[in-house]
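Just below sit the structures, each encoded as structure tokens.
Okay, so subunit A shows up in both of these, paired with subunit B first and subunit C after.
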Partner chain A sequence: MIHMQPDAVISHFPHKRMEAWKWTDLRMSVSEEHMGLTRAVTPRLTLPDGVSCSPGNRHHGSSGVMPTLAAGFAPVCWNIRVPTGLNVQGPLRIDNLSGGHACMFIRVDKGASLDIEEYHQGPDRRFSNMDLQVHLAEGSRLRRVVVQNDPGNAVRVATACIAAEKHSILEQYMLSFGGALSRLETRLYSEGEGIEATMNGAYLLDGRRHTDMTGHVEIAGSHCTVRQSVKGVVTDKSRGVFQGKFHVKQAAQHTDARMRHDALMLSDTTEVRARPELEIYADDVACAHGNTIGALDENVLFYMRQRGIPQARSRSMLTEAFVAEAFDDLDDAASKQSLLTRVQEWLA
Partner chain B sequence: MNADVKIKDSIDRGTVDSVRALEADRYKYGFDSDIDQEFAPKGLNADIVRFISEKKNEPEWLLGLRLQAYERWLEMEEPTWANTDYPEIDFQDMYYYASPVKKEGPKSLDEVDPDILAVYNRLGISLKEQEVLAGVQGAPKVAVDAVFDSVSVVTTFKKELAKQGVIFCSFSEAVQDHPDLVRRYMGSVVPMSDNYYATLNNAVFSDGSFVYIPPGVRCPMELSTYFRMNAQGTGQFERTLIIADKDSYVSYLEGCTAPMRDENQLHAAIVEIVALEGAEVKYSTVQNWWPGDSEGKGGVYNFVTKRADCRGANSKVSWTQVETGSAVTWKYPSCILRGDNSQGEFYSIAITNGCQQADTGTKMIHLGENTRSRIISKGISAGRSNQTYRGLVSSHKKARGARNFTQCDSLLIGDQCGAHTVPYVESNTASTQFEHEATTSRLSDDRLFYCRQRGLSEEDAVALLVNGFCREVLQELPMEFAVEAQNLVAISLEGSVG
Partner chain C sequence: MQAFPKLSEAWEFGINLGKHDETLQSKDEALMLKINNLSVVVNNGEATILSGFNLDVPAGEVHAIMGPNGAGKSTLSYVLTGRDGYDVTEGSVTYRDENLLDMEPEERAVAGLFLSFQYPLEIPGVPTLTFLRTALNAQLRARGQEELSAPDFMKRARSVAKELRIKPDMLKRPLNVGFSGGEKKRMEIFQMLLLEPAFIVMDETDSGLDIDALRVVADGVNALRSPERGMLIITHYQRLLDYIVPNKVHVLAGGKIAVSGDADFARTLEADGYDTYAA
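Entry: the complex of A and B
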């Protein structure tokens, strides 16, 4: 445990002169009035049968200032374990992640399978910082569904650091509605061969909200498949940030990795920033990235209006279809419907 | 290429042979020439800056600017963000001025040292305008400014160009003969302390080319500058300024080579282009500085700032570059699209081999309404080289209707090289449309389908499309350079990654 005054904590925060945070100036977005800067928060965990949880020490160090601060302020790291071969029925639900620092470690043992639902939402003017470490053992599977829905004056940083052994599967779907600032960062380290990862997400922002979806995927084993697709919708004076990086090491031959970011700007005062990055050292790979930023297609809107659909409805339908694509591959119907309902509510 | 570099089975022999042909030790421009030269004392200080200025008989204001830049440069730090790795440069261990010893008398082609003419002949650069004027078959009609280390030795076709009002001369001459134009535009595109190397250039720039195209004139011939770095232990810091007045057009070519040496030589240039209303500038480069040997010994550090300001409405600047040389390249030819409806283009083919490192790309900054830009970048890495495409596309709030299309494809040949892509995209208005893609399959899904419908195998279809596309980039080069470039890029593109 460390003891610091709020202003001292803020002075350690990343800022826009740091390349990885150039579009997400955390230091400028937080004030001493934000609650939770110097305290820990205890996550509320709803454990399905067969999953154990115990307080303990942090397992391995996630790099970066924010995970280090989380580990420093949280007195314990919550260690969650799924035993070998267990196919867990029902999701592990994690909430109460607002107003402080939290530290968790999840280990999914060999051949086991787990679904997580994370809810990042809380009251006004809270600062929240979560460090989640995950270890996926050989042949295990993890599905992570994240919903972030904070008030417009809340600041949140959630960092997940996932180490995957061979033939493990990661499915991740994120839906963010932003805040004064929110950064959802995922770092995936593929340490073995044949790993499959899907890292999709969507952000829907209005007012002066800001969301940063950052992903860093390091591939060290061969025959890995990575799919990343992030959709963004911004309106009013909001700002959407996407940063993605695939780092394909020399041994990672036959990697098939694709990254996409598409953003819809619904008003002239919005901002979108994107950096889809590839760093490739293996020659027999198929890696790609794509990025598009623009407004709704006027021709399509005209077509819909010709068929008697009112303009507002047309825009809403097109936007929903655009966002929904990020969740197409989610094969849990209930989770998918829950995410889509939230999207529809935002559009309404 | 090292024998220990494993080549993929799927890459055909022709590709491998073509890459081998580009091997550092086959650099055909690496000959050394024994020319009688005078140097500034080694090292860099305010006196050296004054020495250069005095040698060029510069006015007081330019010396003041140089000294101001030198002071700023002393306070700056060398950038480290590029994906390059090289030993620290000792800026005191090089000559900042080297010039062939001048003969007395008027500067005409006949007066140029025959040894220097022999160097350019050996490089395949014709400095003989009489042949062209006499209609000798096969002699290309290109005006050439030949820059040898720190000075321009000759500029051809000046009189013929002057008939049209076109000014094409060395930068040093322009300072003497057209000071108003130089003072008005120099530093207006690349500010004095824009970056570390640009600031250094401002302090010690030697020579380069100056071009002014008057309103409504279509430059009657290609203009070209050929840079040769000859003297040992010398850096080259040339400065080029191109001004295209209203509704004018010019195509400008740039070529560069250097002898094979074990030492690393520094090249830090500035190119500024100003395109006024309705003007069009086409700037083509075949960069073939000595890349160092296959073990990474020697080679030129190529740290260049190139920027165009599309200042007027409907103006257009097109950068085309074929980058095959240099041990380390750090270069981002950019366009500031200030005028409404202005256009910027960037076509690039970059090949790295041996231990070369290239961090190159472009910036397209959309400020005006309905501005358009297009970026096509092809990178080929072989041997133990590393290549990075780094680009920025941004739109200002007033840039309504701005459009950009970016495509960057990379090919890795061998298992010890790297290819990286770092695009930055910043959009500040909803009416922009920015598209970035970095995969051949994404580009050609529909076309592949079309080709396959007509009975081509997938491999043949991909080869057809990618080769066709690559040729399209090469075709952006003027004919005089296209042949040289095609020889350099005789590599079939296959197995691309983004």
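Entry: the complex of A and C
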């Protein structure tokens, strides 16, 4: 445990002069009025049958200032374990992640399977910082569905650091509505061959909200498949940030990795910043990245209106269809519908 | 033989032209569409497309607009349906005694105006049936009529699709995405039959159609001919008019109607070319 005054904590926060945070100036977004800067928050965990949880020490997987601060302020790291071969029925639900620092470690043992639902939402003017470490053992599977929906004056950083052994599967779907500042960061370390990862997400922002979806994937084994598609919708004076990096190491032959970020700007006062990156050291791989930023197609809007669909409804239908693509591959119908319902509510 | 649901049969599905049309029925007997001295510019006035354009289409009649490339045929269709980018600098367009130019595109659709697009748009992520049910119910709602339930809509959609030889799978796919040119045109007719508009503008519907598809499309359009409905068929070629025989044929050239004639006039045009009349 560390003890610091709020202003001292803020002075340690990343800021715009740091390359990885240049579009997400955490230090400038937080004030001493934000509650939770110097305290821990205890996550509320709804454990499905067969999944255990105990307080323990933090594992040394995550690096960076924010996970380090989370570990420093949180008295314990919550260790969650899925035993070998267990196909867990029902999701592990994680919420109450607002107003402080939280630290968790999830281990999915060999051949086991787990679904997680994370809800990052809370009251006004909270500062929240989560450090989640995950270890996927050989042949295991994790589906992580993340919903972030904070008030417009809340600040949140959620960092997940996932180590994946060979033939494990990660499916991740994020939906963010931003806050004064929200950064959802995923760092995936593929340590074996044949790993399959899907890292999709969407952000929908209005007012002066800010979301940063940052992903960093290191691929060290051969025959890995990575798919990342992030969709952004921004209006008013909001700001969306996407940073993606695939680091394909020399041994990672036959990697098939594709990254996309597509953003819709619904007004001309918004801002979208994107940095898709590939760093490849293997010579027999198929890697691609793409980034588009645009507006709704006026020709399509006219076509819809010509059929009698009012302009506002036409715009919301097109926007929903655009966002929904990020969740196309989510094969849990209830989770998918839940995400789409939130999108529809935002558009209404 | 009428292959498609007639207007009278539409009552079975809870669709009718309703109060809106009953109110305006007496007006239908006279002119349905009246275009008077219309001038249209694009590119902020840099180019004049239509100038002094006049056209009257009574209810129950089908008029064809023919003309060379660049004559302004598509511009006419877009001005009638309210697309942005076309500025009317002079003249008026009256549709069922209302000033059409004052209405938003969706209001024109609710009033019964339908454009079959020359290049139908693809809408990724929006299933065809979802799109059409949304459109139909939006129109019904705006007219103060009861919306169609999902089962009733499906029953009606399947029936019309069968007549147009549209595979049910196509209706589940996103609208026009991955469709061939002919399939897209057929989908326009499918929408037309479902929405049952009062006035139809067809912009080069025959382009991209093979002869069998042309016949299917023409059958669909002919099924909608009625004393209450007007149609404006824009085309380059006479062949579509072999299947949809118009009451009048007009040549659009120099921004206005250069010459008009009866259905046989289209054949004369085909033989003589447009230059004779456009000069």
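In this section, the second predicted complex is superposed on the first by the 347 of 348 C-alpha atoms of A that agree within 3 Å, B and C clash if a C-alpha of one lies under 4 Å from a C-alpha of the other, contacts with A are read in each partner's own complex, and residues count from 1 in each chain.
Here is the rule we use: a residue touches a chain if its C-beta (ideal position, glycine included) is under 8 Å from a C-beta of that chain, and two chains touch if they have at least 3 such contacts.
Nothing here was measured: the structure is a model prediction, and the numbers come from that model.
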Request  = With everything superposed onto subunit A, say whether subunit B and subunit C fit together or clash.
outcome  = fit
Remark   = To the nearest 10 degrees, subunit B and subunit C lie apart, as seen from the C-alpha centre of subunit A, by 80
Ask   = Looking at the overlay, does A:M317 come into contact with subunit B only (first), subunit C only (second), both, or neither?
value = second
Query = Where does A:L340 make contact in the superposed view: on subunit B (first), on subunit C (second), on both, or on neither?
reply = neither
Query = After superposition on the shared chain, which partner residues are touched by A:E325: those of subunit B (first), subunit C (second), both, or neither?
reply = second
Query = Between subunit B (first) and subunit C (second), which does A:M18 come into contact with in this model arrangement: first, second, both, or neither?
reply = neither
Inquiry  = In the overlaid three-chain picture, which partner chain does A:F302 touch, first (subunit B) or second (subunit C), both, or neither?
reply    = second
Query = First (subunit B), second (subunit C), both or neither: which does A:D283 touch?
reply = first
Request  = Return the chain, subunit B or subunit C, that is in touch with more residues of subunit A.
outcome  = B
Key: Smallest distance from any CA atom of subunit C to any CA atom of subunit B, in Å, after fitting   = 12
Note = Listed in rising order, subunit C residues that touch subunit A in their complex are 81-84, 104-106, 108-110, 114-115, 117, 120-126, 131-132, 134-136, 138-139, 142, 174, 191, 195
Note = In the complex, subunit B touches subunit A at residues 8, 10, 81, 397, 400, 410, 412-439, 441-442, 495, 497-498
Query = Which residues of subunit A touch subunit B in the complex?
reply = 19, 250, 258, 263, 265-295
Note = Per the touch rule, the subunit A residues reaching subunit C in their complex are 297-300, 302-311, 313, 317-318, 320-322, 324-325
